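These are the structures in question, set out in turn.
Two complexes come next, and they have one chain in common, subunit A, joined by subunit B in the first and subunit C in the second.
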Partner chain A sequence: MRKPLLLAFLAGLAASTAFAQGRTPPPETMDIGDEPGRVSTPETVIEDGPFARQMVFFRSSEPPNTVVIHTSERFLYVVMGGNRALRYGIGVGREGFQWAGLQKVTRKAEWPDWTPPPEMIQRQPYLPRFMAGGPGNPMGARALYLGSTVYRIHGTNQPETIGQAISSGCFRLANGDVIDLFERVPVGAKVIIRHGPQV
Partner chain B sequence: MVWRKSLAALSLALAGLTVPVLAQTGTLEQVRQRGSLQCGVSTGLYGFSIQQDGKWAGFDVDFCRAVAAAVLGSPDRVSFVPLSAAERFEALKSGKIDILSRNSTWTLQREAELGLVFAAVLFHDGQGFMVRRSANITSALELGGKKVCVQAGTTSQNVARDYFAANAMQVEIKVFPDAPATLAGFAKGECEAMTTDNSGLFAERLKLEKPGDAVILPDIISKEPLGPVTRADDMRWHMVVKWVAFALINAEELGVSTKTLAAAAQSGKPDVRRLIGVEGGFGKMLGLQDDWARRAIEAVGNYAELYERNVGTGSRLGIPRGLNQLWSEGGILHAPPVR
Partner chain C sequence: MKAGFAVLGLSLALAVAGCATVGEPEQEGPAAASTSNLTERPTELTREMLIGRWGIASFREEKDRARVTAQARSFCARQPYVITAGPRNGVMMHAADDAKLYELRLKGGSDGKTYLGFEAPPGDWQDRVILSASNDQWVMRFVDPEIHNRYGTFIYVRCK
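For the complex of A and B:
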């Protein structure tokens, strides 16, 4: 009885290590790589379904314009006060690339350039080393830089991936939605990234 | 004196007879003996209880599956009894069903007069408003000077009138004979907004030619707390149903889900260990196995999974969590702790 149990435990351990290193994509993740060069228009917004931008009931003691990101829910909230928040559907980091923390918006950019960080190049060597901003850029129409991290809230040229966990830790919105967010959230705004409780 | 004594003796004897009989016929024992749970649901309400390919699905349906899993060890041991609004409470009182899980509002009359008890609020519904996206209205307080479509003879009509009066707003309320006519009135532009219960608005919106052209405002202006109901004469069974509901909510709060159940069994957190039954012996206190909550979560997921799959992001309804978000995450959903 002990041996199979131990084996199962070890197998589980091996699986979780692989997860952490991001080698084995979890079954619920669609294996879609970045598609540099693919064009999505700045007008693209999520219009229909649960991930469409909408005002929702949201009790919060945070000041208006605070951004709250719920990774497990795939939603980004902009606190509006009066028990309300504007909610956007987002794409989040794949398993092992999700994180939590408290950051500030340190910079905002329109049609940002893309310089994949070295660790991303190491994982995905086929990626370009640099790509100038524009409609075919995976960073999309706008970017909000989070503290001094490599992570951003940005647009995407793959709007169909909203609601999924496929990024390298960034939070992506459809281009039209990230433009809307960009107009609302000032540099200096507080960004709370929640990952959900761990057992 | 003699007859009084013998009467007393007789009643004692009767009491002695009835006590074990009552204990044997408690709902929990009946469910166990039958080997299945009799669950009263609505005859068909998308997202809550509906038959798809011969199989029942929905939020209310899944809650009964969770109870069956906790009590009988399997979510499949449920017989669903579709009930109209008129017959639902009588079906529960008469013992035809063990539990009513049918989008019913918790009110004083239903408990005090009908002899029923609501186990928990599993869905905070309430009256809301739908407007056209192009109108750029973000709050019900912006509806002053506008027209609002509502169905005749519903409480929605009075609630809306009272709300606008309380906020000193001049709003014209346009009344329609039934739900389809109300939606048609809104679709044709006879009013800027339409009002009914929030869950109903999301269902009605799907019937519009372009659902995305309408938005539902975040304001909820009335209380329609929905939840499972049991008979008031069986508190032991009531407690089982109540704590299955609380277990699902607590599971979400602790991060215990169908995906983390295995990890939860190895958890060092006392809250998690008590919930899934590796510590504390809480199942026995309810008259169940200690893994009662683990089985319920395994069957239907935690509250977030139950919600999103049936009425949230996994469903065409796409109802935001809103009030039904956890109390710690912006909503008012709250469950007492398992300890």
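For the complex of A and C:
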């Protein structure tokens, strides 16, 4: 593959651009939406900085394997017991799409399928209306479905968006991290979503 | 990076702002030199086989083909993809990653395959190669391996 990450990044940006006919490379920007088709390898993990997966002190009375999401912190915690938790950096819903609640993991899926929302099809009419799961799928490598809601904890083909608030209410992890989470958290696990400033 | 990989600043700004609209049909093909050394031959496929309303979906693994076909069909009622006749005996469709409509045409290649794309030798990197086609369904993938890797193989199911 030729310069896959850069190519994929630019391709995803070019939602309505003259990819086929123009000649000037677009500037890079973080102001991006979903990028169907962009490939992020399953091995991608956040390795540096605060959003890297790490064991942290975490005082909680919840049983091990409980998932606690702090939307404002951009962190997801898996309670490990002994006042410890494994912390992952996440991307969260943009303003107006953040929420709080108590859910359970009702289903898990590897390489989930993806259906672009209608408004995305309007903007990017060249997209398939349904994309079977795979490396170019914005849902990423794994998904954990939350109760009967439309929200999920899932992977992403845009790992650079971890720590940002750009989704429609789902919680995204780098593919390598969501694979790790997928293995740790069973169906039926409690998921607590907290929204708001921390004390 | 490929010479044809490109964006106009205004178009990008509109895209990022979510203001993208389908532009006027493009009348000219790409200016970049083709990467194909195939010569063109007649093809048995006709543009009439492509014109119409289609449900489209994509897959990467053969095991997904049947259910993806069913998914493509299900989108006929919701968000069909419409292919119309172009002014120069081609069809109006989108190129990869581009919300503008262009006139594309069918091209038989000296390798025995049929391609769909701009005015360039068959097998050009921007072409689609048609893997199978009938009046009710056609299957294609992009020639460019990078684009194909991102999107997979497309199934078009004619809407009844």
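Just so we're on the same page, the second predicted complex is superposed on the first by the 153 of 199 C-alpha atoms of A that agree within 3 Å, B and C clash if a C-alpha of one lies under 4 Å from a C-alpha of the other, contacts with A are read in each partner's own complex, and residues count from 1 in each chain.
Heads up, the rule we're going with is that contacts are C-beta pairs under 8 Å (C-beta built on N, C-alpha and C of every residue); 3 or more make two chains touch, one makes a residue touch a chain.
For clarity, every value in this text was computed on a predicted model and none was experimentally measured.
When the two structures are aligned on the shared chain, A:Pro125 is found in touch with subunit C, with no touch to subunit B. In the superposition on chain A, contact is made by A:Phe57 with subunit B only, not with subunit C. Of the two partners subunit B and subunit C, more residues of subunit A are touched by C. Residue contacts after overlaying the shared chain place A:Arg74 against subunit B, while subunit C stays out of touching range.
In the superposition on chain A, contact is made by A:Gly49 with subunit B only, not with subunit C.
On subunit A, the patch touched by subunit B and the patch touched by subunit C overlap at residues 12.
Note for the complex: subunit A touches subunit B at residues 12, 47-52, 54-60, 68, 70, 72-74, 77, 82-85, 87, 163, 194, 196-199. Against subunit A, the residues of subunit C that register as touching in their complex are 1-9, 11-12, 14-16, 18, 20-22, 26, 28, 30-32, 55-61, 64, 67-68, 71-72, 74-75, 78-79, 81, 94-100, 102, 118, 126, 145-147, 149-152, 154. Subunit B contributes residues 138-139, 211-212, 215-220, 253-256, 260, 262-264, 267, 269, 272, 304, 312-313, 315-316, 318, 320-323, 325, 329-332 to its touches with subunit A in the complex. Contacts from subunit A toward subunit C in the complex involve residues 1-4, 6-8, 10-27, 29, 31-33, 36-39, 118, 121, 123-126, 128-136.
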